[in-house]
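The same subunit A turns up in both complexes below, where it pairs with subunit B and then with subunit C.
Our next item is the complex of A and B:
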């Protein structure tokens, strides 16, 4: 029964591709604007063979890995400190709240002033976009620990270490992984948008570059790679999340 | 009597502002790059008086209003229908999820190719940014409706339309409003970033221009303005949301 939706999903994509291709072939729509699936496939294989695709993917993934990695380390650390010490929470609160609601991408020109055009700016965008999400989720996870459980464990002689491993972490991790998953989406956004505006390589750069040349086919090819990466990352983290979901204590 | 929370928060914010103000004065950092709170305020007072400012704000606001209204007009009904009819959902769910997982601003260049650098492309970006969370949450809202309510309505001989209007719509309303709130901040961001990317007017256009002119204080004022707008609008929707929740109980 569970395969039925998957089957319908694949069919749905196949139908979209078919309609798209035939609409262009029969002259209903101008391929200049929407290109066509067969041409996009050709463009992708050309880019793959020339090494251009790998180059762009590795550049983007490296920026993503550094930016997102930094925000995981700092976000989890900040969230954990805020969860452990009330004063830290209150001190960080206004800043987290601002970063969460401000249109951070608008800071892009300032980052260019600070770091110059290129990789460091993209990494900074990626970091800034994802770090708040991770920090707040970690904090909320720690706050969701049931104080009754803590007291119960302590009265049975649990040490701080026992408390951390047996009470705090199991309650925190599920919410934290949810934050990590949401953070991936925002980090990916940071990479792509950062590259759209000013970079010399990467998937966002190539979308913007081919867009400026009005080469729709090559532009959509890069866009599709971004979509696939986005889906893969989100699916991957959803799997991790489900794995830790069994840790939920309530 | 201060409570501890506001005390600590106020102190850190004041400390941040103080460091920001006095570090350039002490020569530790260069104010060209970091600006200063007082300079941002001064820049704001100047920007408000410039002739182009009102025009830029009204351009951005109308782009946002049109795109976001469109997103609600399409997202809510479509989400409700998709939530109600599983067959349609199976068909459309995979593409919707693929768009959901995509950084939606990656669509900027292609939207510019389609619609040009004028207002249309910004309206489209606001629409695309806003519509997905609205649609997904409306859909989830309908799916979360307690099935026994529908059965109860049916057994009192309600027709499909009655069920829709009297059971499903009120029950999924909180989720719909949540979607609108999430879509709102994305649409604000969409308009500004689209203007930053390619445009002739708008607050995003100003931000990019001030950035390339190294006028950090002007740029920061515009960024703060956009944040303030997003915050106010989001808080308004959140207030509405809370009222609905309490009304439903």
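Our next item is the complex of A and C:
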């Protein structure tokens, strides 16, 4: 018998919700630590009706859009320049390496010092966390262009511009979009981490706010919204990726 | 009439004391791939270059294509020195070098897009690409991507791409080198059939002796260390050639001659 993956996934998810809910209802687990699905759903609908949810989502999404947007522009540009010019690559290399391996969250206090508590610091965190991924993926993408294809294009009289538009860019797209997709996750991490400590609105703020008040249900509700947003953003980019990438189905 | 004016027409391709040198990786000196080679190729002939790996046969071909810069000497096409790739030449590569993100038809269109022959619209280019896809027997596969095709079919795309720009000279760099023996023979016969239609000047690099004889009007035999021409053999076998050609006495004699030089 063939089983649809989606069906199995939904079933397992539903089973977990059911176990969770009943474990709390029958008193096996203290709801103070895990809350319960029905209460979380109620909390979500309350937040949605009061406008609190929408407000937090827009604040977080705006920070995400600005920080991630900066990352895309600067990361792609830096990666592309490094891919084109050896000198730029060598100049950027230590930074990329450093940003890649350092625990970037440690930068948070110094950003607070520079930008104060609030939106600019969150944006800086978002940018810092996602830019490396995007720059390195773009660079790797450009470096992995098959030189045989460049030679073939030149044999038909391609100019440098032709090479860029008709060979290098299309060949780089798959790796670059993979970097953009991974960057989304890291940017969201930047938003949430940034908001946890020094914000006045947003989903991360809401998580830490309700956490401080020991309101587990509302805290988990915000957590779920963050997860859903992450999934939606990544899915959106995956859809874009598949459009450009249909030839890569090996 | 003055006797001097009826001498043979100027060769289509002239290679004059050509030397090609590569830098060895990691600065371990240089490698002389082609050393002082002279070669004339007449218009409309099919010339094959045969020799062991490292004899500089591909370097010679790529110099004629304008993709490799000679250390000294020069290549002339129609009397004019070659310094870069040009519309009069098109190359078919051993590794096919197809754009994996382009479909068959768009790969064939690739060279046309780059060269944009005058007065042709985008639609004209597609139409022309379509004709060449058909010519190489890939009708029905227009919208396939290279990874969905067999090696032989991929090289058909490579050949169509080169023919589509309507070059005077077709340069083929071990085009069937990565194909299995049976496909290779098939492709050879089909290439000849296509070539017979308009007899462009063709230069075909291979390390297969039989393939070199089967296709050629003239065989250039090369040797290595340094890469040089050791013999040029004119092949006098009737065209069109078929499988039976390869069993003929003369064919076997050519094979023996080439073996001796290698």
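Convention: the second predicted complex is superposed on the first by the 243 of 250 C-alpha atoms of A that agree within 3 Å, B and C clash if a C-alpha of one lies under 4 Å from a C-alpha of the other, contacts with A are read in each partner's own complex, and residues count from 1 in each chain.
One rule holds in what follows: a residue touches a chain if its C-beta (ideal position, glycine included) is under 8 Å from a C-beta of that chain, and two chains touch if they have at least 3 such contacts.
Model, not experiment: these values are computed from the prediction.
**Student:** Contact-wise, after the overlay, does A:58 reach subunit B, subunit C, both or neither (first, second, both, neither)?
**Tutor:** So A:58 meets neither subunit B nor subunit C here.
**Student:** When the two structures are overlaid on chain A, which partner does A:238 contact: first (subunit B), second (subunit C), both, or neither?
**Tutor:** After superposing on A, A:238 lies clear of both subunit B and subunit C.
**Student:** With both complexes overlaid on chain A, does A:30 touch subunit B (first), subunit C (second), both or neither?
**Tutor:** neither
**Student:** Touching A:157, do we find subunit B (first), subunit C (second), both, or neither?
**Tutor:** second
**Student:** Looking only at contacts as defined up top, I'd like to know whether subunit B or subunit C touches more of subunit A.
**Tutor:** Of subunit B and subunit C, the partner in contact with more residues of subunit A is B.
**Student:** Between subunit B (first) and subunit C (second), which does A:90 come into contact with in this model arrangement: first, second, both, or neither?
**Tutor:** first
**Student:** Considering only the touch criterion stated at the top, classify A:9 as touching first (subunit B), second (subunit C), both, or neither.
**Tutor:** In the superposition, A:9 touches subunit B alone.
**Student:** Can you check the complex and tell me which residues of subunit C touch subunit A?
**Tutor:** Residue positions touching the partner: 65-67, 85-87, 89-91, 93, 95, 97, 99-102, 110-111, 113-115, 145-147, 165.
**Student:** Under the definition above, what is the set of subunit A residues touching subunit B in their complex?
**Tutor:** Listed in rising order, the residues of subunit A that touch subunit B are 4-5, 8-13, 16, 33, 86-87, 90-95, 98, 101-103, 105-110, 112-114, 185, 188-189, 191-193, 196-197, 204, 207-208, 210-212, 214, 216, 219-220, 223, 226-227, 230-231, 233-234.
**Student:** Which part of subunit A faces subunit C closely enough to touch in the complex?
**Tutor:** Residues 146, 148-149, 151-158, 162, 166-167, 170-171, 173, 246-250 of subunit A touch subunit C in their complex.
**Student:** Tell me, which parts of subunit B touch subunit A in their complex?
**Tutor:** Spelled out, the residues of subunit B in touch with subunit A are 4-5, 7-9, 11-13, 16, 32-33, 90-95, 97-99, 101-110, 112-114, 185, 188-189, 192-193, 196-197, 204, 207-208, 210-212, 214, 216, 219-220, 222-223, 226-227, 230-231, 234.
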